[in-house]
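Presented sequentially are two complexes of chain A, the first with chain B as partner and the second with chain C.
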Partner chain A sequence: MTEQPIVESPAADLSAQYPDFLTPDSRPNFHGFVLAPERLLEFLKIARDELGYDYLSSVTGVDDYPEDRLEVVYHLYRTTGGPGLELKVFTGRQDPVVPSAVPLYPGADFQEREIWDMYGIHFSGHPDLRRILMWEGFAGFPMRKDWKEAYFEEEVKPFKNRWPGGRAVRVEDSNPFGNNVEYPAGFDPSQWTGESDDPVYDALRRSIIEEKSDLKTDQLIVNLGPQHPSTHGVFRMAVALDGETVIGLKPVMGYMHRNHEKIGERNTFLANMPFTDRLDYITSMSNNFGYALAVEKLMGIQPPERAEYIRVMMAELTRINSHLISTGFLLNDLGAFFTPVLYALEEREFILDIFEATAGSRMMCNYFRFGGLARDLPAGVFDEVKKFVTDRLPRKMEELETYLVKNEIIRARCEGVGVLTTEQAIGFSAAGPILRSSGVPYDVRRADPYSIYDRFAFDIPVRMNGDVYDRFLLRLDEIHQSIRILQQVVKQMPEGPIQTGKPQYTVRVPAGEAYGRVEGPKGELGFYVVSNGKQNPWRYHVRAPSFINLTGLAQMSLGQKVADVVIVLGSVDIVLGEVDR
Partner chain B sequence: MSDELSSPGYDVPPEMQSHVTITRLDKIYNWSRRNSLWPMMFGLACCAIEMICTAASRYDFSRFGMEVMRPSPRQSDVMIVSGTVTKKMVPQIVRLYNQMPEPKYVIAMGACASGGGPFKEGYNVVSGVDKFVPVDVYIPGCPPTPQALLHGLITLQKKIDRESLSGVRWYQKAPIEPIPVPVLGPDLMDPRRYDQIFEYTHAPASPQPEGSAETPA
Partner chain C sequence: MVGWEIIRGLGVTFKHFAETYFDDLKWLGKPRYSQERAAARSSLDSRGAFTVQYPEEKLVIPEEFRYIPFLIYDEGPDGEKIDRCTSCGICAKVCPPQCIWIVRTNDPVTGRPIPEPAEFYIDVDICMNCGLCAEFCPFDAIKMDHDFEIATTNRMATDIFDKQRLSQPASYYASIRPTNFAAEEKARREKEAAKAAAAAAKRPAPPAPGKGPVAG
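Let's look at the complex of A and B:
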């Protein structure tokens, strides 16, 4: 970490400093600055080069229906730490156009494509603006508030009685097809010729930079996935090959897009908690943490001491769990089929037992509440955790490292493969282990401390080479740091209540916006929540680290052999639930 | 061999009992198939992680002859649909199902694969894989615990036990038609229902059903 003091720019200062560009967002409880679309790029350049906001954390859209206004919201941070800068661009609902930030921040690439897909905002100057989660040809922009899905029942939950007069009413009965489908009037299916993979391949061919060579070689396009043993789920990569060398790569996703955000905007605030479990389903506790923080920020409440400690304990156990899985499956991708995974899963089962005893479910914990936790630790669990983190886990880690770290084959396969330089990593908005293994000591737990992380002594591991091997080592380093935090947690764990105020099913959240972020195992996990004062979030957006980390995948894979693409993807450690949401 | 297998209703003389077993062809056929079910290595979502845990040492479904997970549909006997079936993915799932050789079975693991689960209302979610492929066993849970998955697999074994060579579909005279692969149009389209779609979209100013894409007043 850098020791230099972080210079904060108070909000009033910036708009006074740049009155031509910025006007503060004047709505109560809203932050940041509004600027005109045509001045966006100019100011982003100033923000990046002069103000030092080099890290574009999140870009997202907001629909202000029924007002004729769509917003694009940018969250910028400095990789040296400190509070962020929030920028907003307003545009109309009819043919909205906003300049693309990709030339300045390449990390905006997929996020802008997602906004185009979901809100229909066109980003001028974007190199490859196609739908990303839905398919080309899908009718409508689903996240717009006036777009209704086939199974639409009511605007918001809780719904009215689904058993009027004692008879169950099922939503499929009101649909003429008895299924979740809807077609525009006048559409003739026999004339349909769309939905081919050509746009993907065209984009792939365009992205190839031809090298002049005397030797004439044929290019070959190979699809890895969506059903492929190495893609960690339903993820697809269209790869252009010259011989065995990768010369172009386009990730294709959305095979598990389950409309998290659309459903989330209909749910009540609390009802979204179990849905966050299913984002990155390996790290449900961390996801709970991020969402709880964002809503607590809006509500202005703080959980009690004991709850904070239990939260940190669960989040760190989750990190260990996730990194174990990631390490095990990277070995799987390397060809050490399933044996290392068995060792990783053995330790994971201990953690899952702790989760199951505490929260009631192995994977989908749904344990955090706004202002506290669902329930206290049951008897015996605390001692289990204590034994696990002071005795068993450190020994097991030593064992794991003896076998793996200096292994000749692992080093030969991983060193120098899939390199992302420091500048590239920041530019692509990579987060978590990807960013830190490229030499950037950026960890939200230190850069913008939340909860009680400022009380613990721990280091932010950094590696300098940015290759697959460094990412692998960095995850092992992080497990050690998590063990360190956990050992302090079990020493300091206070007694006391676990919930501020009364536990409530329907919380009323004051109108406003909040961006809560935590350092999840995969990287910076952000929740952008806009409330209009009702029971349901008006806008609920997830800054998914797995999704944004994939922006750099093509860069990492260029020039590698096709077999190495598999381990490069393994080292990025994606979980499809979070990529596609 | 178990007693269950060699009880055809004939008495084997005591001196031959250690050498000879009499059974029915159905029984030995089902017995050999039920104990070597090869699942396809095919994970969709959260449930896939529990499926991996079931394969790992603690729950270990190789005890039931299922440890050979095949990444290729051509070599697998059972497709465990482990997770949310989305509209974008369902053409691939149907294609994989068509590529599996008979005899083949489908297990819908978890709430999503069985009926859409918590994501049912989503615009990209198919409410259950049984809208397109026939399902043999449904396993409830979100996600089902490894124990529940094991129970589902044992239930499938019991189902196989009840099958008879004369009745199974892969020994019938008529060839088995592959399931038409759904098409991604403005929304998911089942090729078998094109006429119905055409009728619906060309209906003269019919009152739009609830849940249509119209703009609310």
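Let's look at the complex of A and C:
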């Protein structure tokens, strides 16, 4: 198969249709259209309302250093399916300003904040443009190519001092803290007493819509997290309360930020594969899948048949794994302490055993390679999978559903709580189970099929109420559909090689860009990769579904009681490794 | 009836509870902790809820399981250690967190490299157990270990492993990864046979004594 352009007809002739707005990106192997910043909003409105691109999948920045140019790249899709539309806006590196897309696509909110945080591009008209992953008062913009992190060694790996004259030194010893850390002007670290929370609280107060009432009530700000069992990690919600009712909510994140994307850009293409495991550490196989897909698109290669089947098998097992955890822990959040989650984890254990026997690790699988897989299934694993998906799992799912689904307490707590309407879900760029439980049957496996998903019979489950209960049920529905796919996979599994060509430790990736996306368990997981022909990616961006799904969290929580915020967050199903990256 | 579904759900809990104890009956008179029993509990046919009683019992580790890498040496006829590593540096280059350091040996007279590492370090605090070094080593010299019980109380003193700490005999490798070992040995013998055949076809001279390490 040759490389598929991201933008296909009828979008391909858009520049002829809108010559005032669009010029095609003429760089070889680049796609999409360039438009002037001042005309962006005008065209986005046309794209959304006339062309039907109602779903803003991803917004990200690119630094073209040493050229004086920063790019903002938009990937738009239709929720009815089909290929996407890629738009680019260019701006200079000095005080760059781009109009904010938030009024048209609220889902751009956190993503634009991240670009501001990482690239220093100011989005005019953004309602709440603060840093999101770094702390307020941080100096510099970390994703810019001329920014160097603490313990910086070299621009790109492999580092020269490892071989042939490599004597081990701890980086802490060779590079004491302080030597390459920049501080804002006038900042004295010895006088620093901790980060002020005022910007968060100010933003929270600004977001509150006052309602006129005769009753005089007091407002209260409560922090849920960062250390709190309900947040599933280090995540904080600053919640404004009126009595016990939520009137405003601001998620605060970045506690686990390690700049995955910068690490990725320092890494070689292949060496980045195990790092993708650490994004959403529950679904490492899906992360591998998305990244492999994006780079394979650039390289123009395709894995052999058997590898495709094993990939789908692993991806679907991962989906079951993730949904079992999600539904189990939602019950924990509801107060059904640990019995349901352990029943779910019991089944998950078998999936982890399969991963361990195949990939060598239970969670950090690192199993996919460009053009195939790391190794074939060892003897016995295939029969194990077969038995698991045809015998044990369907039986256990039935048991789990008897146990939980109609339980009166669960229904009383979950029904009608945390509602996201269809329009809101699309607007907030919600993905995966969040989007589908709000009545949008959008699943990348069907909307824009990748790998061999077009060969299997399966349904896209959809629920209409958009509340916590529907998200819970939808995940159970999806487990059943995954079992269906797996039963077809084990029936059809072909013999053959699992790798195209000889495995290479240096991968040749031609210059160009690619956006590879898969339907991960948490939603649409996209990898935007730009290569300049060298052995390291020039730009590596992750469209993290957990992160973007949080954009709608405030909307879901408004008007709920404070105890319900916990289950609303539980139903969004975030993993902080992916939120903070 | 409100509450009926809760009672039905509690039935499931009770079933799990009962099954756990029914399983105990099957093992009456046998030792409480055994590998056999741990394996049965973690099999697809198990019923009930179980805990593996670590460290008395341990989960069965599959062959592909990977932990910190180790270096393989072959044992020569007089028991000397012959490193398989040629210090080509591929593992150090492919290592994602760059935790491998290698000093190549240079011939003191000619200054040309000798295919043997003078020093070899892995900082196991940084190692992410991805297994890429083992995957891409052309000499099967570095492999992933199964021993995960390496916790220490002072990481600064112990956690940069040197060549001596990393080295293990090929027999150890054969014991933890029998399938892989057998496949690699077979491939190696075939390659050597093909090489010998090619050499014999080129010039019909008596075959030179086998160069390169022979597996123990």
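As a convention for this text, the second predicted complex is superposed on the first by the 542 of 581 C-alpha atoms of A that agree within 3 Å, B and C clash if a C-alpha of one lies under 4 Å from a C-alpha of the other, contacts with A are read in each partner's own complex, and residues count from 1 in each chain.
Assume a residue touches a chain if its C-beta (ideal position, glycine included) is under 8 Å from a C-beta of that chain, and two chains touch if they have at least 3 such contacts.
Since we're looking at a predicted model, the values are computed, not measured.
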A:Thr402 touches, of chain B and chain C: first, second, both or neither? second
Partner chain in contact with A:Met364 - chain B first, chain C second, else both or neither: both
First, second, both or neither for A:Asn259, with chain B first and chain C second: first
Touched partner set for A:Lys522, first chain B, second chain C, both or neither: neither
Partner chain in contact with A:Leu342 - chain B first, chain C second, else both or neither: both
Touched partner set for A:Asp188, first chain B, second chain C, both or neither: first
Chain A: partner with more touched residues, chain B or chain C: B
Partner chain(s) touched by A:Pro164 [first = chain B, second = chain C, both, neither]: second
Chain B versus chain C as contact partner of A:Pro274, first or second or both or neither: both
Contacts of A:Arg93 with chain B and chain C, given as first, second, both or neither: neither
Chain A positions touched by chain B in one structure and by chain C in the second: 153, 274-275, 342, 346, 349, 364
Complex contacts: residues of chain A adjacent to chain B: 133-135, 137-140, 142, 146-153, 171-172, 174-177, 179-190, 192, 194-195, 226-229, 233-234, 254-260, 262-263, 266, 274-275, 278, 281-282, 341-342, 345-346, 348-349, 362-364, 576-577
Of chain A, residues touching chain C in the complex: 153, 157-159, 161-168, 170, 267-268, 270-275, 339, 342-343, 346, 349-350, 353, 356-361, 364, 366, 374-375, 378-379, 384, 387-388, 391-392, 399, 402-404, 406-409, 503, 505
Residue numbers on chain C that touch chain A, as the complex places them: 2-3, 5-6, 8-9, 11-13, 15-16, 42, 44, 49, 62-66, 87, 89-90, 92-96, 98, 100-104, 113, 119, 121, 123, 128-132, 135-136, 144, 156, 160, 179
Interfacial residue positions of chain B with respect to chain A in the complex: 41-46, 48-50, 52-53, 56-58, 71, 83-84, 86-89, 92, 96, 112, 116, 118-127, 131, 142-143, 145, 183-189, 193-194, 196-198, 200-202, 209-216
